[in-house]
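Same chain, two partners: chain A is paired with chain B first, then with chain C.
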Partner chain A sequence: MTLRLGSRILANTVVWGYALVILGPTLWVLSNAFKFKIDIITGATISPFTWINFHELLFSRQSDFLTNLLNSAVIGIASTAIVIVVATMAAFTLTCLNVRPWVRWALLGWALLFHMLPTLTFVGSWYLMFSSVGLHGTYFAVIMTHAVHNLPMALFLMMSFVGALPRELIQAARMDGCSYGQVFWRIAFPLVRGGMIAATALTFIFSWSDFAISLTLTSRDTMTVPVAIATFAQEYDIRYGEMAAGTLLSIVPALLLILLGQNFIVRGLLAGAVK
Partner chain B sequence: MADVTIQGFQKFYGSVEVIPPLDLEIRTGEFVVLVGPSGSGKSTLLRMIAGLEKIDAGTVSIDGEDITGRDPGDRDMAMVFQSYALYPHMTVAENMTFALRMRGTGDAVIRERLTEALRMLSLEGYENRKPAQLSGGQRQRVAMGRAIVRQPRVFLFDEPLSNLDAKLRARTRLELRELHDRLGATSIFVTHDQIEAMTMADRIVLLDHGRIQQIGSPREIYEEPRNRFVASFIGSPEINLLEGSLHVDGDTIIFNGLTLPGRKAEMPTGGEYTLGIRPEAFDVSAEPLAGTAPLAIRAVEYTGSDVFVFGTIDAGPLTVKLPAEGHSLRDGIGAGTIIHVRPRAEGWHLFDRSGQRVVKT
Partner chain C sequence: MISNEPSYKERRNKRWIAISLLPAVALFIVLTAFPVVNLLALSFFHVEWREATSAFSFVGLDNYHRLFSTEKVFWDGVRNTAFFAVTAVSCQMVLGFSMALAVRTAGSYGRAMLTGIFLLPIVVPPIVIGTMWRLIMGREFGLANMLLRLLGLGPVDWLGNPDIALASVIFVDIWHWTPFVFLLMLAGLESLDGEVIEAARMDTRSRCQQIRHVVLPMMMPTIIVTLLFRVILSFKVFDEVYLLTSGGPGTATEVVNFSIYRTFFRQDQVGYGSAMSIVTLFAITVVIILARGLAQRRAAQRSTVS
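For the complex of A and B:
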């Protein structure tokens, strides 16, 4: 009994401690969004409430935050759409069609290796490539790079969903007169929608919060939110309040997607674990 | 009309030959059962016919028309899968009419065929349910319905009864056979269950390691097994197989000390053989009679309609089925008691060392 009580206290301490480590700094940053600059710098815990940081962020002439939000949304939505379509079709092809095993393993191995290497390894090359063809600073450059960067993760996730489709279901559809394209659209697609929602949520969040690629490949016109937030830290002035307000606003879409997709994400990661 | 002709079918997995060159002729309206142990290639053969498995050599044709290179959907064959493979996101009606919709059949025809199939399979009232809302037996019937509405030339069944419980399986077996007789289409049915094979087939094709061991009616397969494998695969309990030496002296045939009645025309004069006797092919008595051997009983199994006795004679271990109800021996026997048995004149087979039968019953 004592042991059980002891282990419960220990488990609770670990969980709450972990939550505190994550939530503490987040709450501190978020509370700064509603403080005057002087209160932030002096570290006042209780301070007067203000919307000034949001006002500055959204409506001041020095800030392009609404444009940055729009850029993040355009890049996030477009790259996610590409990733999900390609990953789902690739997963279907690799699992359901007669692809030679070495082709399958070469592709997946490359995807895994690519995903394991740090992003910073590639950004220099991408910068040079896009600059040399005059595409640096365009939506196209960032969208394609985000798509390439997030594809392996989405592919592995979709492989587990598509792989969980019973083989006989696909054969039954073939017997019923479906071409492989029709099998994909009429049978596989409706049945892996849950997986697609999970992959969409994760891919969009990764694209939305990316810093390294966006910093290197965007210009002032195409700058995304994380890069914009970083620009608030200037040489002589760090605009803590606007940074906090920007962070708060940028968390909202990611949070909504996580709430929407979390059931599917867990299911995706566990697909095939039990019958 | 739907004669299915298979010529020189061959299949390799890597360098392993799973189906050696195989020929098979299935006639219109016939119910053919492919039966064999796991790994015998029966499901592979069915999938090759369906076009779901690549054919490495050979051809398959329906009524002389070569369909080897055709897509599975263009062969005019319908298949019922072991797992039923119902589309989980579609209703019963959508599942059953999917193939017709895929080939652009008119709404009126679809509705008519659906109504007919639902009635035939007692599925009326379930058409708007999803597969998850059905019992195992109902799902099985929907899978059947999906095949029936297509009115195909050939039905393919891949162990469709193996997920049902024993009682339902026996009932569905009969329903399936009646359905086949009513529809008159050619059916190819794969099973590992010899009871299914024996009860449903017009002809049984018994396979082992991709090779046809014997083709014949259930009666031929049971009563005239061509080799040791066929004899031991069909029949439950299994046929008694005794290894030993044969001595023939005039009209007397002795196998390991056991006298075999009924001189056969092509009888060898002696040598090493395997003797096969079905459990029901014995005369049994409480007292020793001419030609009987004493059977020391090890165990008795009572199944209600039958009594099986397991024991040993000098020639080896034996399983004997006691004769019909009312036989005096059915009471008072048990482990440790002795009865006397004698093979019936028409009830034994002799197989040579390679397993081929040398003496016909």
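For the complex of A and C:
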């Protein structure tokens, strides 16, 4: 009994210790968002509270951060919508219907391969392609590349949700005379809505977080939040407070996701990880 | 009439299959397959930019020849990336697995909150993690050096000293991904057969024996698959390095992706950058296929045993 209690205490110490290692530095950096510059530089632990960093970041003449937030939202929402529609339809067909084996094999194999290859090997080519047709720096270029980049993960995720539907249900619908399209719209689609919400949330987060693609394909007008934050960090005279404020705003979607859909994300991440 | 109906329906079904797969296939072909072909073609050219137009001159295998003979930075990057991947992933596996084991056997308080905290590094933008650690590891006002000063130790130049820079980057990656490995391992442990574990508890003398002879062998497939794929995914590293060190000082933290980025976008050597990309794509594809084969063989072995 004492041994069990001992090991329980040890386990809790280790895991909560690690949790502290995650939270501590994060909170330290984020707390800078509410400090005056002088307090950040002198490293004062207790300092007066201020909103000035947010004010400067969002409303000052030199800062484009509000535009950046808007760009990130537009690109995230549009690319996620495309990914979810495309992935759900393909996942249903690949899981429930008789597709020729080589089509299935080629599509899934390529999706898996593309998912694991470094994105940076593709961005050069994307840059040249979009530049040559005059689309560099447009929303269209970033939205489409974000969509294709997140498609494999959404596809695997949706396949795991569609695969969990009872087989009998789909067979019964076909016996009753439904065509494939009708089975999808009337049976599968309403039943995988939960899965679609999970995939939507994760896809949006990945699009929102993307740096490599946005860095190379956006222009000043379409620049997204991560690129803006990187620019902040590389200025000669780093504006620590505004940078921390930007960082804080940029993790709001992630925080919301954790608070609202923890179980969804765990399942989604696991499905995308070991496939 | 009656004989006509099923064939009409069959046609409609065939059409549905085509329509539902078409968008995915089109996206993949236009934005992933074509770019690879494009890169391959470009890698045989020398491209020069003159007044917003590009001049192509065919140079055959020159780019590849240069890459394999005189190039230095790229290969330093390959070495660093491999070292980075293996070191970071091994640490993550050991840490993640032991934490999962501890939580699984002993249970822990506040599981939901704990999961929430552990998810944090996984879902926030990687660039934010880079920014955070750049501030913490900053030479003058960083938290790390501030704490060291409390202990009376001199400031350490975490990111500027060529001897420590790579270790610092690896540390950040371990911090970033250990929670993910932990969650994977915990899910794996929880899917193990409870009866077998219970029987093992009866048959073995100590916790250590139980872990070594029962839990570890049962977890082996999960461990191997996670290990292989985390290593491969580590080759994607770019965001953190871009922000923390930009490959410097010197080539101390150069990684493959950063070499490609620099060659393409800062030095405008499109042909040469394409050759780098193609070599990288090819090498990683081979590794992925080998890893996949290995993982499948393990799975096949296991299913014949049990």
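FYI, the second predicted complex is superposed on the first by the 259 of 275 C-alpha atoms of A that agree within 3 Å, B and C clash if a C-alpha of one lies under 4 Å from a C-alpha of the other, contacts with A are read in each partner's own complex, and residues count from 1 in each chain.
Here, contacts are C-beta pairs under 8 Å (C-beta built on N, C-alpha and C of every residue); 3 or more make two chains touch, one makes a residue touch a chain.
Keep in mind it's a predicted model, so treat the numbers as computed, not measured.
In the superposition on chain A, A:P48 contacts neither chain B nor chain C.
Shared-chain residue A:L169: touches chain B; no touch with chain C. A simple residue count on chain A separates chain B from chain C, and the partner touching more is C.
Using the contact criterion defined above for the overlaid structures, shared-chain residue A:P190 touches chain B, although it does not reach chain C. Look at A:P101: by the touch rule set out above, it reaches neither chain B nor chain C.
Of the two partner chains, neither chain B nor chain C is touched by A:G134. Where the contact sets of chain A with chain B and with chain C meet, they give residues 179. Those residues of chain A lying in contact with chain B across their complex are 98, 166, 168-169, 171-179, 182, 187, 190-191. On chain C, the positions that touch chain A within their shared complex are 9, 12-13, 16-17, 19-21, 23-25, 27-28, 31-36, 38-39, 42, 95, 98-99, 102-103, 105-109, 112, 114-128, 130-136, 141, 143, 146, 175, 178-180, 182-184, 187, 207, 222, 225-226, 229, 232-233, 235-236, 238-239, 242-243, 256-257, 260-261, 264-265, 270, 273-274, 277, 280-281, 284-285, 288. Within the complex, the chain A residues that touch chain C are 4, 7-8, 10-12, 14-16, 18-19, 21-23, 25-26, 28-29, 32, 40-41, 43, 85-87, 89-90, 92-94, 97, 99, 103, 107, 110-114, 116-129, 144-145, 147-148, 151, 155, 179-181, 184, 205, 208-212, 215-216, 225-226, 229-230, 232-234, 240, 243-244, 247, 250-251, 254, 257-259, 262, 265-266, 269-270, 273-274. Interface of chain B with chain A (complex): residues 47, 50-52, 54, 71-74, 77-79, 81-83, 85-89, 98-99, 102-103, 146.
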